[in-house]
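Could you have a look at this structure, given as structure tokens, before my questions?
For clarity, chains are labelled A, B, C, D and E in written order, and residue numbers in each chain start from 1.
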Amino acid sequence: MSKNFSRRDFLKLAGVGAATTAVLTGCGPASKYVTRQQYLEMPEYNYNGQSTYYATTCRECAAACGLVVRTMQGRALKVDGTANHPVNFGKTCARGQAALHGLYNPDRVTDPVQRTARGGDATTIMGWDAAVQTVADALKNNQPSEIAFLMGMAPDHLFDLVTDLAKTTGINAPVRFGALGAFESRTTLSKASEVVFGQASIPFFDMGGADVVFSFGANFLETWLSPVAYTRGFSNMRRANHTKQRGYFVQFEPRMSQTAAKADEWIPVVPGTEGLVALAIGKLAAEARGVSMPRAFAGVDAADVAVRSGVKLETLERLAGMFANSASALAVPGGAALGQSNGLGTAEAVLTLNALADNLGKPGGVSFSPVSPLNDEYHRPASMKEMQDFIQQMAAGKFKVLFVHGVNPAFELPASLDFAGASANVGQIISFSTFPDETALLADYVFPDHHSLESWGYQRAATGAAQSVLSGAQPVVSPYFNTRSTVDVLLAAAQLAGGDFATALPFADEYEFIQNKVSVLVGEAGGLFSAPDLPTFIAYFQQHGGWWKTEAGFVTPSAPDALNRNINVSEAQFAGEGEFVLLPFVSPTLGEAGANKPWLQELADPTTTVMWNTWVEINPVTAHELGLENDDVVKIVSEAGELEVPVYLYPAIRPDVIAIPFGQGHTAYGRYAAGRGANPAKLMGPHFNEAGDIAFAGMKVKLEKTGRQQFLSRLESRMGVYGEGMGEEH
Amino acid sequence: MIKRIFDWLRQPLGLVAVGIAFLALFSLAAYGIYYTQQPPAQPIQFPHKTHVAFGIQCLYCHPGAERGPSPGLPSTAKCWACHQQIAKTQTSLLLAPLVESVRTGVPVQWVPVAQVPDFVQYNHRPHIAAGLNCEDCHGDLTKMTIYENPQVMNMGWCLNCHKEKSAGNPELETKLLDCGTCHY
Amino acid sequence: MTYNQQRSDKVSAPHAGHHKTEEHFREQHLMLDPMPRGQMNDMVMDSMHTTSWKFWVVFAILSAIVAWGLFYSWGKMILEGLGIAGVNRPAYWGIFLVNTVFWIGISHAGTFISAILRVFKAEFRRPFTRAAELMTTFGLIQAGFSIFMHMGRVWLSYWLFPYPNERGLWPNFHSPLSWDLLAITTYLLSSTMYLFLPLIPDLAMARDRSTGWRKTFYKVLALGFRGTEGEWVHLRNAMNIFAFAIIPVMFSVHTIVSWDFAAATRPGWSSTIFGPYFVVGALHSGMGAVVMVLAIVRGTMKNMKYFIRPEHFEAIGKLMLIISMAWAYFFFNDYLVQWYGGDKWTKQLLHYHEAGPLGWMWFLMLIVNIAIPWAVLWNKKWRSTPWITFTVGLLINVGMWLERYIIIPISLSINRMPFTWRLYQPGIEIPLGIGTLAFFILLYMAASRLIPLVPVWEVQEGQMAHSLKKFGRETVVTVSELE
Amino acid sequence: MMNKSNIPEVGANFAEGEQGKWGMVIDRDLCTGCQACVAACSMENNVAFVGEEDSGYGRSMHWIRIERFWEGEYPEVKMTSQQPVLCQQCGHAPCEPVCPPFAAVHSQAEQLNLQVYNRCVGTRYCANNCPYQVRVFNWRDYTDDRLDPALVTLKNQYNPDVTVRRRGVMEKCTFCIQRIHKAQDKAKSEGREVADGEFTTACAQACPANAITFGRVDNPESLVSQLAGQNRGSKLLEELGTLPQVTYLNGG
Amino acid sequence: MTEEKSLLAVFTDLDPAADAIEHLRTLGVHDDCMNIISGIPVTEAMLGRPSQWTNVPRLALGGAILGFLAGMFLAFLSPTMYAIQVGGQGFVAGPPSVVVLFELTMLGMLLSTFLGVFLDSYFPSYRPMKYVTEVSDGKIAILIECPDADEKKLTDALKKLGAESVQPAEAQHL
């Protein structure tokens, strides 16, 4: 296969789409005849009416699942998982399925534009030549230290390119951020892992092999790290077969998340006491095992923990016994448990439980995901604290030009960090956003990147796979709009800018850059395929949707003295005034950026079945005490802001906790997202845990009635799901 | 009041007015139906008979028929493969759209004529595999310039053949007369 | 009851026994108050010709309502889809089918009066058989409108009728809706024919005393009827056949309508008693509607006080009372069995009927369908009073509409999948329902000015047959068997 | 819950082939309610989205809905296992006989409940009569790009193998009959039978928890038959005698 | 042949009319040459007239049979023309066939009864006919066909028998 892919010459077969929606009968389109535009030149592997399948990588989140996209006559029709991709093994989540609604979204940025005034809608279309010149000028006319890149979480080829650029030219290293990473408390997890296991990386929890899983807030069935991989793990854990019994799963969490709903036991702990509970279980488990008391757990008083956490001592003892007596127990820290002021201690305590269970590096235990090819270490996205520093630099006028790609900080960052305000002090903001999101509205220029399904690339899988994975991406359809790959833009601009920039990126186009990067794998043994030369390698790389080792490459954490160090789980601090702890969580169906995809909006939330909106979950007993009913709009007041959201009486949440999903509340981002729901990021104050992650679950808020009502669209019946119909059949 | 209108309408003039109004409505409706059923003009008055006379097989230009649902229309490149060697192509008025398409890279907009409605899932492959020839459904192309359907392609026509072919074979009957074979 | 009836008869008759004078009988009974044929013809013709400005005002308003409620709203719904109505999952059927069943119910009264009462020679029927028959036909037209409104793709409704086609596809006669279509078509055709046959002599009468466009109109409709011996014999024979044959058709129609529900696998619907329950319900609302129409016709049309008298209200009131009792019996029968032996879903449904958010409808239905008729109609004086029977008839119709509303959208809210339970909120059904009602009234108003509402020849025939006879000291009414 | 073996005299009357051809097993213990199947189904089958107001009024068009109920009260509250409910492809489907124009029919060839969209006139009787409430109706023209300009681009995604439905038409899960046909066509062109697991429905293909298995229930060797044979399997509302082809695995 | 003449004798009451008919018969007017036109149904027996033959019941029966056959076609034949299985029921619906048969039988019967009236009475007929409009006012008219010669004799006789008026009947547009 040559590098000049004729696929890139695909034509949009507009007529075919029209024909699809042609007459049913009756009042259909005026004519039954529709003109059909035929190929100018039919690709030799293509047949009319036959589908062509392309392997690529999902970029709806940073998990790097492999996708196979079915296309027909230049249109992408259906997304499915790549069958043997080590991250997802042929499976996809809802957000991956709906990627096509991003590709064919009616609100994409169609051309490179210059914004008349920041924050306004008015733009003028400029050609790509002028756009590249703008980027080149921005690179050339500013000091390297005045140039900053803000990028999405995915460790992909663009990140490598900008990193290379930064290394050679001295511009600021790219900063990667994503709201998902913040809600996952990735920094806390990797810091804790460094403290306990001596390696700053995201540990991999092999649920599939575990008999007992204790999850402390980790919502791994929803959005956490690599949800498809962890759902597979969960499924394997639950599935009994002749070699193993059905695994038992306990979730410690103040609110029953979708993950907790699947747990065999949900333990509604007081927010911020998860770490203490972990320590207590460790102590009781050590006692149950009859081993000498590890120092890590020695200092905790289980009875005191029971009082503080709201978990009965008997329950703690029973669970500890279960943990101690299981051949393969696993403890997972994550989610809101780490988004507390004491999150780091909590993470350490939970990770240490694994050391007690002696599962490190074993099947059903904790290991480190193998490092990706092309890379020797885990690149952690920025923590919220680091983002705060970045924004302070912006506000201080340190950056003359800011490039934004793959992230929507104006929406995803807490309003209290005031990204929008700080951006006023940045001379020039250039967004490469595919969609007209809030950040693109703040940018002077929007040079739209292709949609991920129209792009080349590769991406490393940070976690979730047993093997070392470099997931490959290729365009499955030709670009639908007048967009251009950001890598191509940067390469062309670098050449125009000359100097260090030109020498740093001596590539003709994105494709050559990728070839150059993956060429180190050509001779690599133990992979999915081996190729004698680069063109063959690239061909296989595209055919399989990436390159990965055939053997699992888990790294066993070395924790010789994990049990023998003190763990300090301090008292959780709550910012703000009020009677409720606010627990924001990422909407399992929308994720951080799904709000512009109509089918994701229409999916029922797995726990509440609400569609198309934001709600606040309140325990019915508490709500009735406050005189609140379903659909009553309440005002939530935190120290950082306030938000008006309709109430959902959620039977499985602690009475002292309220919860709001994150993902809605856009002010821009297309017709399906804008003006819909509310964004809890508005409520978050700049409070961090010891690792620098935001303490998003460490807020106290007040509730005020507004007297208004807003009807929440629910899939569930409003009269039949609480056992009115004598429950269900079984 | 009503009586006066009735009376007026019973006059010769009134009757003529009623007649004209009725005719106008009727012809409008008839024209509307006729109009929506007319195929738009083909960009090129493609002489099928000439090409068939040269011995070009149907599947040369419509190869998809052997493999799947749609036989496909030839790409500009396919036309051009032969036509660039024919001197007349450059001068012929008839072929101007093809030359234009090659020059500008804008594909020729053909009008598919043998269409089934959207709710019919038709697949050429099994029909060809069952031994049907193109002309069995599409008529004698040696006599046609622009293709025209030799018969109305409606469900009764489909069914007739399906019934005929499956008669006496219960298994085939089940398959060929099943609603789900074509409608889903 | 019979005892009460007799007693009230005695009490309410002031000239009991042989003191009853001929004047008294004349006053009380239309059949004993004969009038020369020509004069009666003039009265009827007069009632058709006389239209006050009020008539036209109402006519115009109703036309506007029909144009907006029926044609505009329906057109809008056809173009935009049923989304503008209130139907949803699980209440896939809403007010459209409520109205369908309601109008079919209304249409039962005409047949009941003109066929069953004719077969049983109930003489009080004579002056208003046509008024009732008109209700049948016009009610069925509204039922047809409602059922076609209900369809998602009404422009394809011809697929429901059997006709040869190139696909070889015929309607599915497994479906109760197909039976419905057949039954309603049969009923509509036969009731229209049954309306028309006795109308022919009256049309001939109107033809003989009209001029202008009316003359043409009646001439065309009267088909050249003269009243020869042969014509009368054929007509009478045909009417006898109709009177007998249309009764089972009538019963079949509402029974089949009930099978739409009873044949379904839904809690609350699978009831074997639905057939007679629906028929009696139909008669219940039908009689209520007849009494309403009679009261209005008597009150608003010229000369109608002669034809429609308290004795008629009294007789219909008696029928209403009996039918109300029958309805109560069937209702209780249905309820008890479902309550006693129903599965958990059925019990849930019954509970929902009574205690659900629309429980008031259930209680209101019982009050207006049972309690009020029983409380009022036992009294001969009250049921002879037109406005009282009118009110009771109106309430019964409201109650019967509610009954269908409870059976259709409310029962549909509860099913075997509690996850899908959902309330139904009507949308454009309301203008459309009002539109059908207005159209019914409009048609009736138009008909009242175009065709003789009173079958003059039947009244005459009746008056011929009635006479007074003395048995000892008692003067009683006798009826001769003329037919 | 009635067991079929308890009523042999009825079972004996079932004609051959009525045990079905295609079937599905859904493991409720594994289903996480993540909605991937719903999204996959909608993308595969051109299912329309209806917007906030209509979806809140029970008009959402999901061909699968994931049911879950609540038991008990806080803190002993429990969410019951998720139960994805889709068309059960009944052997004796109550929806079929009630359709007057034969739009809801039984496929003899594939033993599925078909909904022939172009024959549907929208009486909605089938939906009323479906005990599982899995039929969805096109209340409006959700797929007309003249009404919603957004569809001009979004409709590029439509699967050409599946009819795009317009207003007034009932629709429901088809067990991805287009995939069945495609696989059969392919197998036939290669002169073989369709192998177990060669293809699957969109929902089963997407399901990250592998909770959905699809295949031939008339083949005892197939994975779906073996899973359905487990003693923790049950069918929805089996007592109605509808012979559903979807088996739910409950508990652990 | 002598010329035929028509007379229309109008009576107010039933009895004179009956007497007149009887008398006319003695005057040699055959029953076939008489016809009674009345505004209300006057049975033949009342006037001492021979019974009228009517085809309506036979037509009704024939229609019922035709309707039944049509029902048989719809219920039993039409489902086999494109055999479609629904709900595990047979191709031919069992009990529902009864419904179809019943409805179509009744429809056939009632339609043919209705049409029977039309056939038997030669409806519709807008040709000129011999008629007096007084009939619809309740008068009874006797229409007599007699030879030209008898006109005078019959007129006198009828007048004597109480006829309100006797006049030569002219066919006129109704």
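Just so we're on the same page, a contact is a pair of C-beta atoms (placed from the backbone, for glycine too) under 8 Å apart; a residue touches a chain by one contact, two chains touch by 3 or more.
Only a predicted model underlies this, so the values are computations on that prediction, with no experimental measurement involved.
Colleague: Please list the single chain whose C-alpha centre lies closest to the global protein C-alpha centre.
Modeller: Located nearest the centre of all protein C-alpha atoms is chain D.
Colleague: Kindly indicate the chain pair that has more C-beta pairs in contact than all others.
Modeller: After counting contacts between each pair of chains, the winner is A-D.
Colleague: Nearest whole angstrom, what separates the Cα centre of chain C from the Cα centre of chain D?
Modeller: Each chain reduced to its C-alpha mean, chain C and chain D end up 44 Å apart.
Colleague: On a C-alpha centroid basis, what's the spacing between chain A and chain C, in Å?
Modeller: Comparing mean C-alpha positions, chain C is 66 Å from chain A.
Colleague: Cα centroid separation between chain A and chain E, in whole Å?
Modeller: 89
Colleague: Just the number, please: Cα centre separation of chain D and chain E in whole Å.
Modeller: Centres of chain D and chain E (C-alpha means) sit 63 Å apart.
Colleague: Can you tell me which residues of chain D touch two or more of the remaining chains?
Modeller: As it turns out, chain D has residues touching two or more other chains at 57, 65, 67-69, 94, 96-99, 102, 105, 108, 117-119, 163-164, 169, 237.
Colleague: For chain A, what residues touch not just one other chain but two or more?
Modeller: 20-21, 24-26, 49, 716, 721, 727-728
Colleague: Enumerate the residues of chain C that touch no fewer than two other chains.
Modeller: Correct list: 153, 156, 167-169, 172, 174, 176, 417-420, 422.
Colleague: Please name which positions on chain B make contact with chain D in the complex.
Modeller: Touching chain D from chain B are residues 117-121, 123, 125-126, 129, 174-175, 178-181, 183-184.
Colleague: What residues on chain B touch chain C, complex-wise?
Modeller: Residues of chain B touching chain C: 3, 6-7, 154-157, 159.
Colleague: Where on chain C does chain B make contact in their complex?
Modeller: 165-168, 212-213
Colleague: Sort out for me which residues of chain B touch chain A in the complex.
Modeller: 36-40, 63-64, 67-78, 101, 105-113, 115, 117-119, 124
Colleague: Which chain D residues qualify as touching chain C in the complex?
Modeller: These residues of chain D touch chain C: 54, 57-59, 65, 67-69, 85, 94, 96-102, 119-125, 127-129, 131-133, 136-141, 167-170, 237, 240, 242.
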